[in-house]
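Each structure below appears as structure tokens.
The following pair of complexes shares a single chain, subunit A, combined with subunit B in the former and subunit C in the latter.
Let's look at the complex of A and B:
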């Protein structure tokens, strides 16, 4: 009986093993071997020694940090504003559906909306030029790190809304009533109740936002192609560009390093989440 | 910025309007400044680019306003064939993912509830592996696999992408289906069905499926949205799917068509998820779009 029960998950396990495990194995195996098939760490060492790859990591981290912080601040604010409205109302439906679209599925269309807005011929660019502000006077372009980051915020905020809404909903109105009843001001309630209760969830969600930006590539690919110096673009280049000898193994090593970064982020998320669960059941 | 102002008006209406009927002692709906501020900001930031994109898409290649770019979409055979490829991939992936996951979810709930935590972890794996790394792995597989595998899998975008899109869809579909199955009295349904002599296959198809159809539809909608939008893997492996065609079209100097297509894609995806929110409302448990 016990043994028979396992039969039911065999198809799933096999499927995941083949179609997820195999590509993953190829990445790790390729990153850890030489062309002759010998075990080596030299691919990793080469990625650490390369100034281009180091600055790609630096750029990716900077991009992910600031877009996740901005996304977190505005995401929490927007979620709180939406939750304060009528539950099950039209506003909630629209915000939640739109958040889903922007957060998970918009990559390429989003990039083109940005081109149409802030590109050299974009509507806002032209509008600003008409009133005497030239966006492109300085070093700003839509394909710079800043331009791509602004586009990233477009999916970071909605993802924050999706992630944090349940926690904001979990703030019980009774807590506020109790605090106010005991003579606290609104501000003291926020300072001593709402913020401490929400903090673990907000930190956790911000970590997810970081991972999300770190691994994202679709928007950058559509906006700039592989010339932007971030890690996913370097992997793209290493695989399809064939500029350097041995480049694809370096790309695989970069891939393993990306996975390690995300796993670390996820472990931190899991630890923070343990704390968040105490209050928000 | 016509769309932006419409958005603000709509937000104001919700904030400032009187509550339709005072159900229970719900929180009072007063227009509070901090709410209005974020709604205005959000409307500007989120609807502004959409409005800009719409205006941009109406500028034809001859410089005048009109629906020329939308007309071009229908006439452009490269885009049409890419769209058909992507729709085929979406449909097959959506069916495959349900066929694979529904019995698994039911089985785990019924017989191996101890595995729940492991299932949640495994179905999160696709998130830990960035799409670009998945693509790198597939590229590596393609160049090292025996010839029959290459012929079987990588010669056609349908067979090359579908199996891996099923993997990418796991985080969404597992949670959608698991929520659906949790909401029904699974043990009673299965016991009744089995006692009446139904096979496992019959039980899944005729008893469980009709009871979790909302969750199944939700899983399929999310999968379709995912497949229509996925660009990193298909682009790196050089398959001509819809988002790849979008990028190529813009590189060939006709950004107007790409922007017009982007608007249609966003509207379609929004339609899918908006419909989903109504489907979910029919039953108690919402079909969540949260993955983590």
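Let's look at the complex of A and C:
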């Protein structure tokens, strides 16, 4: 009986090994060796020495942090508002389905929708120009880090709603009634009951949002191209570009560094989830 | 030649890579060749870059789907010499000496000049000099085809700017300074203008790109678009791509026949019809075999480019741009 259970896992394990394990091995092996096959740290040293790569990491981290924070705040707010409604009601169902769709509305469709609405000749830009507001009067442009970040928020908020709704639902209304019955104000209830219960889940979900934004590339690529100095763009330039010759190992080293960042984020998420599990039982 | 044609027909197939149909009229080259010799042409991965072509040659060695021939940028031809088989086409002497490897491992095929492409519905007047790009009427307008750190067309735009702002083939820094200045006065548009849809959406009013890629036909713009291409005055920057035959080509005879076709008068003129300047252009003009109508349609060039960057200069420029061009 127990052997039979393991057999079911084999196809999936094989799939993960071939499509995740093998590429992972090749990236790490390529980053740690020279073209001749000798072990070396020179690829990593080159990425730390180059000011362009250092600022790429800085930009990626800044972009991921603020888009995940904005996504977290608005996502929790939206989830709380929706959960307060009737379970099974129209609002709850629409928001859940819509979040499921919009969390994955990224990449080229999002970039083009962004260009079509807020681009230099976009529908909204022209409408605003007609009523006297010129979005492009200053230095704002949708192909800057700010513009790309705003596009990221479009999928960060729905993703947060998806991730946090179970935790918000787990906040039983009886706790609020009990607290108010014992003489607490709404604010004290929030501070002593709701926030401590929700905090681990919110932190965990924000970490997922961070990882999501950090590794996103299709949206930035479609909107700006590799002019935007973020790490995935630098990897693309090094491996696929028409200018840098023999820089593919540098790209692999950058890839390994990205993997390390995501692994750290995932470990923190796992630790936080262990805490969150206690309350949801 | 007859023996080569026979051997190529016996092989029956040719694998090419990274040749989009609307890039220098490659669509016509492929279909004409296939028709003429009855050889099936597998055109793989049209949107691949030079780096990806070299990677494909290396990683698919020994397989029947490996590329037979490549069309790569100069830097990659220089770096990948060990992957190529030397071959001199029949019209070898018509290729200028500076535009081929003396051993025959690579040879220039076609090239163009850095040009300005203007969407006249947004940009009222197309600039004719580099200095005019700094004028306030081009706010948010000046865009490149890709990033100079990864796209040859964009790197060449920076180099051309350098030549016209006190730089040289060995010094690309003034070009970077020029574009940084454009960015600070708000004229630079950091959209990656690599698709006609972006031009039609108004995101790319002024694109600096190779002239053979900048013409409306190459973009695939509808005829209603008011689009103009200008090769700017001042020092011009031109670059050529290179043909090479893979050492481990699965179809060696077909590969060599393809090269003979590309360097025949017919093949060279097909490139010319795509607004690209073929390597044997000067020889064909002298011999009167050039397609005069197509030749007349090329954007006028102020100064014919005399010199090209050496491999060392190309590598140096790539690393300077890679470290200095940050957003």
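Definition applied: the second predicted complex is superposed on the first by the 269 of 281 C-alpha atoms of A that agree within 3 Å, B and C clash if a C-alpha of one lies under 4 Å from a C-alpha of the other, contacts with A are read in each partner's own complex, and residues count from 1 in each chain.
Keep in mind that, in the parts below, a contact is a pair of C-beta atoms (placed from the backbone, for glycine too) under 8 Å apart; a residue touches a chain by one contact, two chains touch by 3 or more.
Just so we're clear, the structure is a prediction, and the values are computed from it rather than from any experiment.
Looking at the shared chain after the overlay, A:88 reaches subunit B, while subunit C stays out of its contact range. Contacts of A:136 after superposition on the shared chain: subunit C is touched, whereas subunit B is not. Judged by the touch definition given at the top, the superposed model places A:215 against subunit B, while subunit C stays out of reach. Using the contact criterion defined above for the overlaid structures, shared-chain residue A:8 touches subunit B, although it does not reach subunit C.
In the superposition on chain A, A:262 contacts subunit B only, with no contact to subunit C.
Of the two partner chains placed around the shared chain by superposition, subunit B and subunit C are both touched by A:248. When the two structures are aligned on the shared chain, A:104 is found in touch with subunit B, with no touch to subunit C. A count of residues in subunit A touched by subunit B and by subunit C gives the higher number to B. In the superposition on chain A, A:236 makes contact with both subunit B and subunit C. Once the two complexes are overlaid on the shared chain, A:228 sits against subunit C while remaining clear of subunit B.
Residues 112, 115-116, 119, 121-122, 221, 236, 239-240, 248 of subunit A contact both subunit B in one complex and subunit C in the other. The part of subunit C that touches subunit A in the complex is made up of residues 49-52, 55, 73, 75-76, 79, 122, 140, 144, 146-152, 155, 186, 189-192, 194, 197-198, 201-203, 205, 315, 318-319, 321-327. For subunit B in complex with subunit A, the touching residues are 11, 14-15, 19-20, 26-27, 29, 32, 34-35, 38-39, 41-42, 45-46, 48-53, 55-57, 100-101, 103-104, 107-108, 111-112, 115, 122, 124-141, 144, 163-164, 166-167, 170, 172, 222, 225-226, 228-232, 235-236, 238, 243, 246-247, 250, 255, 258-259, 261-263, 265-266, 269-270, 273-274, 276-278, 281, 289-290, 292.
Those residues of subunit A that touch subunit B in the complex are listed here as 5-6, 8-9, 11-12, 15-16, 19-20, 22-27, 30, 74, 77-78, 81, 84-86, 88-91, 93-94, 96-102, 104-117, 119, 121-124, 153-154, 157, 162-163, 166, 173, 208, 211, 214-218, 221-222, 232, 235-236, 239-240, 248, 251-252, 255-256, 258-259, 262-263, 266, 269. Remark: subunit A residues 50-52, 55-56, 59, 112, 115-116, 119-122, 136, 139, 141, 143-145, 221, 223-229, 233-234, 236-237, 239-246, 248 touch subunit C in the complex.
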